[in-house]
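In the two complexes below, subunit A is the common chain; its partner is subunit B in one and subunit C in the other.
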Partner chain A sequence: MGLKTSMKIIVINDMGTMRKIIEKMLKTMGFTNITQADDGATALPMIKEATELGVPYEFIVSDWNMPGMSGLDLLKTLRADDQYKDLPFLMVTAEAEQGNVVIAVKAGVSNFIVKPFSAATLQEKIQKIFKA
Partner chain B sequence: MSEFIEFSKPFVEGIQKVFETMVFTKLEPGKPIIKSDRQAKGDISAIMGLIGTVEVEGTDREFQGMFLLTWETDVYVKIASAMLMEEYTDFNDQIEDVGAEIANIVTGNAKRTLTQMGFKIEMAVPSTVTGKGHCFKYPSGTTTIMVPLSCVHGDFVMELCYQSHND
Partner chain C sequence: MSLLDDPMMKEIVDEFCDEAADLFTQLEDILDEIEDHPDKFSVGLEQFGQIIDRVMGAAKSIGVDEVAKFCELGKIIGYKSSQVTDKKLQEIAVAVMFDTVDLLIKMNEKTRTGSDSSLKNLSTKTFPTRLHWLSEKFKDIDRASCSFDEKQSTDLSKEEDPQQSIDDLLNDLGL
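Presenting the complex of A and B:
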């Protein structure tokens, strides 16, 4: 799976601050096609609609803890659908406990990033996902 | 007080880590003091409720507390500008959840250390309160410690409301 700067990315987070920071970091890495959503429940129809229109999202960066639909529930929902079983999914969380990593890995997460993080760490996580 | 210091340490370390990584500056904590009133020291406060249990001599006991950060508006705006990597000159809806996000990250990081200390804390959703001289309603039976914090953008205050479990 290659890493192209034009890939369609959706950043999902209930906090506008973190959406802005992640989008800014992605832009400094050269990514240009970035959309935002404020929780899993908002993002899911956007992801499905984009697929139906033939312009699917190619990378998801989602927070874990969100009202409505959490990042974990979104991940499980997507992985249950064959067309999204390989969609790269980076989970962002404030909770640095090992148990969370295990839960996310079992649910099929592509990689995991714990807040606070730098642009360099985000880039490293993305590179790992797309090199795999 | 030593029990209190032990509880506050992961929060102090957490906020230092957040500032180094995402606000791009070092944060120096001052000497903690016990707070005796309910009034905020700043104009903008980010509040995180702490609810859960703590293990005392093999038994889980209910625990409640509160973690908050409070800033003067000018300091908040400077910190938000640094964190969002764009210049803001006043408090507005573009930056209103910066403080809450900082409180959320700090609590998430502190939780890992607190778990090792026997605390099982549920992460709540942080909230923001604004206005000069606003007051807090601290959970009953708790003591509040204030830790002054200082960085290049100015000074602000961290408060931790803590319920002793050794009574």
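Presenting the complex of A and C:
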């Protein structure tokens, strides 16, 4: 799957601060089509609706620890649906949860990034995901 | 350079302080609930740990390092306390959690105004003593992070727990 700056991205995080930081980083990289959601439960219907409308999200950047529906639950739900089994999914985790990343890998995460991270690190992760 | 030094980031920092203030209020509510209903101790402190983790991640990302480290400390104590069954120790843990949130609120206000938010300038003498005492009591408790899959999480934490110890964090904070 190629990397294009117009790809449709959804940033999922319960902290508005983090959503803004990540969106700012993505815009700095040139990405223009970015949507935000405040947790997995909000994001899931948005992702499904976009697919139904024929304008599916092409990349998900989701936090792990969120109320409502966690990033891991969202990942598992999406991977259980054939439509989303290959949808690139970048999981954002806190330092203390790195051990649990193994669980996310088993659930089908595309890559993960540990907070705090720089725009360069985010870019590197995105490039790795889309080169694979 | 810290993001706090970047004028373009002021809006994000202000938003962080607002969000953190709301979450600190939620933390106080959880502790009030635990005090009123001790049977909710374990579940309540697990929630406490999850909420403070959210503040920690954002604080680290915008370079508010002291707040982030103190949140990390509160998170570890929250998760470890949630596994305690001794009633007296539970009461002390809750008291320390109240102090922790109180200090975080003060640090958050200092961050908002750009003042020195270091713990040394805000903490009382008894607070570090309580933390060190609690740290000693927690030494035998393994899990210090979120539990998503109990079995896998526990297995992993035993093999490769990257969590800094409470003592390391206290040292980092100068306490």
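Basically, the second predicted complex is superposed on the first by the 128 of 132 C-alpha atoms of A that agree within 3 Å, B and C clash if a C-alpha of one lies under 4 Å from a C-alpha of the other, contacts with A are read in each partner's own complex, and residues count from 1 in each chain.
To be clear about the criterion, contacts are C-beta pairs under 8 Å (C-beta built on N, C-alpha and C of every residue); 3 or more make two chains touch, one makes a residue touch a chain.
Everything numeric in this text was worked out from a predicted model, so none of it was measured.
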Fit-or-clash call for subunit B and subunit C when the two complexes are aligned on subunit A: clash
Greater residue coverage of subunit A in the superposed arrangement, subunit B or subunit C: C
Subunit B versus subunit C as contact partner of A:102, first or second or both or neither: second
Touching partner for A:4 - first (subunit B), second (subunit C), both, neither: neither
Contacts of A:85 with subunit B and subunit C, given as first, second, both or neither: neither
Partner chain in contact with A:72 - subunit B first, subunit C second, else both or neither: second
Partner chain in contact with A:128 - subunit B first, subunit C second, else both or neither: neither
Set of subunit A residues, in rising order, touched by both subunit B and subunit C: 15-18, 20-21, 24, 65, 67, 94-97, 115-117
Subunit B to subunit A touching residues, read off their complex: 17-18, 21-22, 80, 83-86, 94-95, 97-98, 100-101, 104-105, 107-109, 111-112, 115, 123, 125
Contact set on subunit A toward subunit B in their complex: 15-18, 20-21, 24, 65, 67, 93-97, 114-118
Partner subunit C, residues of subunit A touching it in the complex: 14-18, 20-21, 24, 63-67, 70, 72, 92, 94-100, 102-103, 115-117
Interfacial residue positions of subunit C with respect to subunit A in the complex: 11-12, 15-16, 19, 50, 53-58, 60-63, 72, 75-76, 144-146, 148-149, 152-153, 156-157, 159-163
